[in-house]
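I have placed the structure first, in the form of structure tokens, so that the comments after it can refer back to it.
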């Protein structure tokens, strides 16, 4: 099978590097285009990028020339599948331009996550929300074969919603409290200064609590025709930065609509295999075998030991115990730059491929004037 | 003024070392006796102790001989004021023997905290509970001049109750969540293995959540004759260990019985000066000028920057903001081995001194047979 | 091909765990026996071991029963290949008992490294020294098919000698200075207390400088009949512990007997492929493709980024520059529990297998009385 | 006694903050002027500065207005004593302008350290070099009362030369190796990214090895009329960054011109009290009682435990032992932003005050055109 050509926007950053790492030898996708800011454009990727991962930068990628990050300046053929790892401010400008150019923009940015016709998706949680792309104006162009934007949530929300989804399905969520201890890689590079985090905790991450609260509502919401009905549950988040390289750890207290026993909760997690049904057991290369793993040890999950479960794509839960205030307490952990960023986007792309939504995208389309709906 | 002679039980451990540091040049107290386990007894303190603090071990202390940790084997005069920094298992055996020998045992251990006639005290919060000592059987011996045990709470509870007390007084607490990020020094030495905490979080500390929940209830409880009526509030704790040397950071969500505005809460903290009234403005050497300091910066408190406020005795609060689930959220931080352990015990001793409860303790008393009441 | 049965002595420790990890799905070896101290014997491995690696403990291993760590108490068949991950004190007693029982003891301990008839081997450096086993008294029993002890060096010496060997071959080493920054995993578990290393450096590791200095001399020594002629070079080591989980970083200044240019040194490293010749290009599963990799970036090697090169078996060198005092300076890094411990022993075993020295070991032999020669 | 007015250039950075901390309640000096880059000028210091020290920002300082960092734009009276905490590039431009304006510029920057007529001084080591200022052209203006530049060395060189000076005096230094493990605060704020240093070592600090090597030569050099004769010794430095907040640890091997015994070396350090003679026992507020302290414990010095000796102004040495290559090995540690930066400059200023070189500086002088001699 020929691999589909993909490009990466913001390829030199931390999430961009993860895209390169995860796409290396990917069976379905092949990187043919890398773009970054003006400072990097024109250099080879090896020159432009301070590679910070512990696997080697693939030689072929190192030798590619970094392209300007606008579709108009693409030399040669613009790949129609674009993984976007941009800061929100830049994404707000650039991602629509690629969608308008006929590209499927698989975005990790927060810029459009809460926009009404943009799906915010974790495949195991709400793959059906992907249908929203058909309502996007760019998509409607070219006989419904135009480009679109699909997003994945914030790195702190993904592990949480994986743990919550099977509970919501079986017991209904009424309210929850979550307190995070987030890794420094979530802030990109250079990101958090070492003087701020060595031997320290920073009990604040800008906009993070707001994002977690609202994204959980959309992710666990219900697709109702052309719109998402948000989950009707109260979510209160406390977000903290700790001296961990990778892996977000989150303490959760939760109240259900229906009573749940310990055994029922553990069963909900262990039996959670939504993609098996959604894609009729077709294999998705990046999907973890078990999206939510429960570890029964008293002191798990821990980021250093558990973040790589399912090749970094599984969420690990542990310490299920009763809560004196709500119903139950537990801890959930996931890898913030794999499951929480690049891997999440890649899994979205794999599902889109199976659904046929990466086929025959408006090739060589001229950019169309279009607007993202702005009602969140 | 002549300084009162004091002894330290468990002097070689982390909290024992803090006692030595804080008692160095103390205007009221002078260390005349140091005791530790059999392994150390008979050595000079300098030989027996791996000093881990960043101020020098005082020369005079280094040259003292470590005594066996039982009152019967004390060479010379047993000081009648004993600061106890023992593990709970050992404290359960030893502390009553010193109380029976006529000593005021100012304990940092968890062994007797929840026992009905043992006061669990943070002076700014519930100094009136100290009256409970008069009901202890050892105390009643010698015409009411016998020994007794006084305790201070767990290091994770102290900062929290300092922040809670002024809120409870003005608004009444109905329920609260607290999620902690605790320093490794709280586990003593060697305590937490570096392989467990470098680049990691351990979302579990044995018995810590239970201790926090019940101790808050007793500390904020009301002295009713000879017993404490526990605070009637739901408290749910999540306890975590992080890669911080000193200073426990805690995220709190709280619901009050009466509505409180932001301004009212800030006023409650800034006006909180209970010792001023309790001891009629008499100076307590270890008391912080302001027990609860609010920092208005968006990203404070932080352990590395704020733990030494009030010479390690103040709690710092920050990030007061509305909670989507309960009423308000905030962060509180305090130094776990100063405010949370040795400094807390020392402040208890200073209050006892002002109250006359360190005077004329059953000197040279023979040990009395006695029992701690076991109903918690 | 049927896999050879192997056992692990000291299986629950940090190095024991690495053995299990590296032997999982090994094409030549299969773990059939695990032993540990009395505290663990009789339990399942899953119960006995606090697994600290970030890959899952294999289910089959978790279910095995931990055996007592003496050959006489082995239930069923004692495997004739024993990987030993014991503390030196225990190894001094136990390893000879397994050799006497006819086992090839592939040891990571320091107990016998400097003993005259025990080979101290890094295959890429001095695989020919393995012939020394034929002089061991246990080996001579059973018609030369008896057991023996083979050792690998200290974790701090392995990366260094890999970098030194090609230089010694081409230029001759006259003297060198090495200053290490060693990971905490080198001290085992619990090992280094977090209070000792968070935000800190400990400029002392017991016996480490002595071991490095003498082991380098033996490793780079010449096999002369039945004995090793030590390398005639002055080696001065400074050993330090730093807050790194895995990977020892070492700063080296070196003086050669013959002048060497920068290009000649880089060529010596890049052309270093000794196993290709020694074993006639036969594949060794654990051997890195390139044992010494040079990274030309100004700030490499770094433990977090480079320790996993060659699946943890390659040494990375960098920063080659002139020295104002000796001739050249460089930095070398290697993974201390893979290349520096379990992986080193495993590679020794693989070479022994190719050399036929794991075949027909004195099966079911009764222990023979024998002595390790004690002249170092 | 009225305090002398001083200003701080680069007041918002890490070293600038240390100046403010150390000058708070200083008996001789009073901050009356703070300057920083255009981004900060015009704001209050409290607004402009992200205060990163663990003592509170003095309220009076927080309310001062940050001034532009050029003498011409100073509102009101420009203080004649300027502590400069600028990056080298900026210092190269600005410091001469303040010297030309009649100021004593006490600089922590590397810009002019190696310039022939600029003294590079650690008072305990080479206070006599301060005479060089009289040869500076700015100084010669106004009848020898003009401004001048005085510098202190790099943070990595100061602790080292303190340990070396008494050895040089008694035994003569022929050659030495030094391998450093440097704290992140040495790189300023934001400085080292947390992703670069958590669980990691970076074996490279730009220009640091060169600076150490040449600065040691000048500091231990001899003032010969109007010039410094450099120390004739070979110095080879390896510089590394480690995950430590404050405190540089350095491993040293050294060869002397005359043989020295262990006792002689220890005596040289313990008897080292040069300021006592230089300033006839006059008290210098910032001088440590004992500039070089030897700790006999096997595992000291350590940055977390020893950096605050002598209020951060003492160097701690330890682990004196024989070197197999040169003569002796030891470890030296000092606080890099106190002894190694702001405290060093402040001590220089105190010595200048005692020497009368801060008196009657060209007040209200118009800037003079002048040049720093450029022969290093």
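Labels for the chains are A, B, C and D, by order of writing; each one numbers its residues from 1.
One rule holds for everything that comes next: contacts are C-beta pairs under 8 Å (C-beta built on N, C-alpha and C of every residue); 3 or more make two chains touch, one makes a residue touch a chain.
Everything numeric in this text was worked out from a predicted model, so none of it was measured.
Rounded to the nearest 5, the angle that brings the Cα atoms of chain A onto chain D is 180°.
Seen from the C-alpha centroid of chain D, the farthest chain centroid is that of A. The distance from the centre of chain A to the centre of chain D, each centre being the mean of the chain's C-alpha atoms, comes to 49 Å.
The distance from the centre of chain A to the centre of chain B, with each centre set as the mean of the Cα atoms, comes to 45 Å. Centre-to-centre separation of chain B and chain D, using mean CA positions: 42 Å.
In chain C, the positions touching at least two other chains are 52, 196, 198-199, 243-245, 304-305. Taken as a contact graph, the chains are fully connected, with every chain touching every other chain.
Taken in their complex, chain D has these residues touching chain A: 14, 52, 184-185, 189-199, 243-245. Residue ranges on chain D touching chain B, taken from their complex, read 52-56, 198-199, 245, 304-309. Within the complex, the chain D residues that touch chain C are 175-177, 179, 181, 198-204, 213, 234-236, 238, 240, 242-245, 249, 251, 253, 298-305, 318-319, 323-326, 329, 331.
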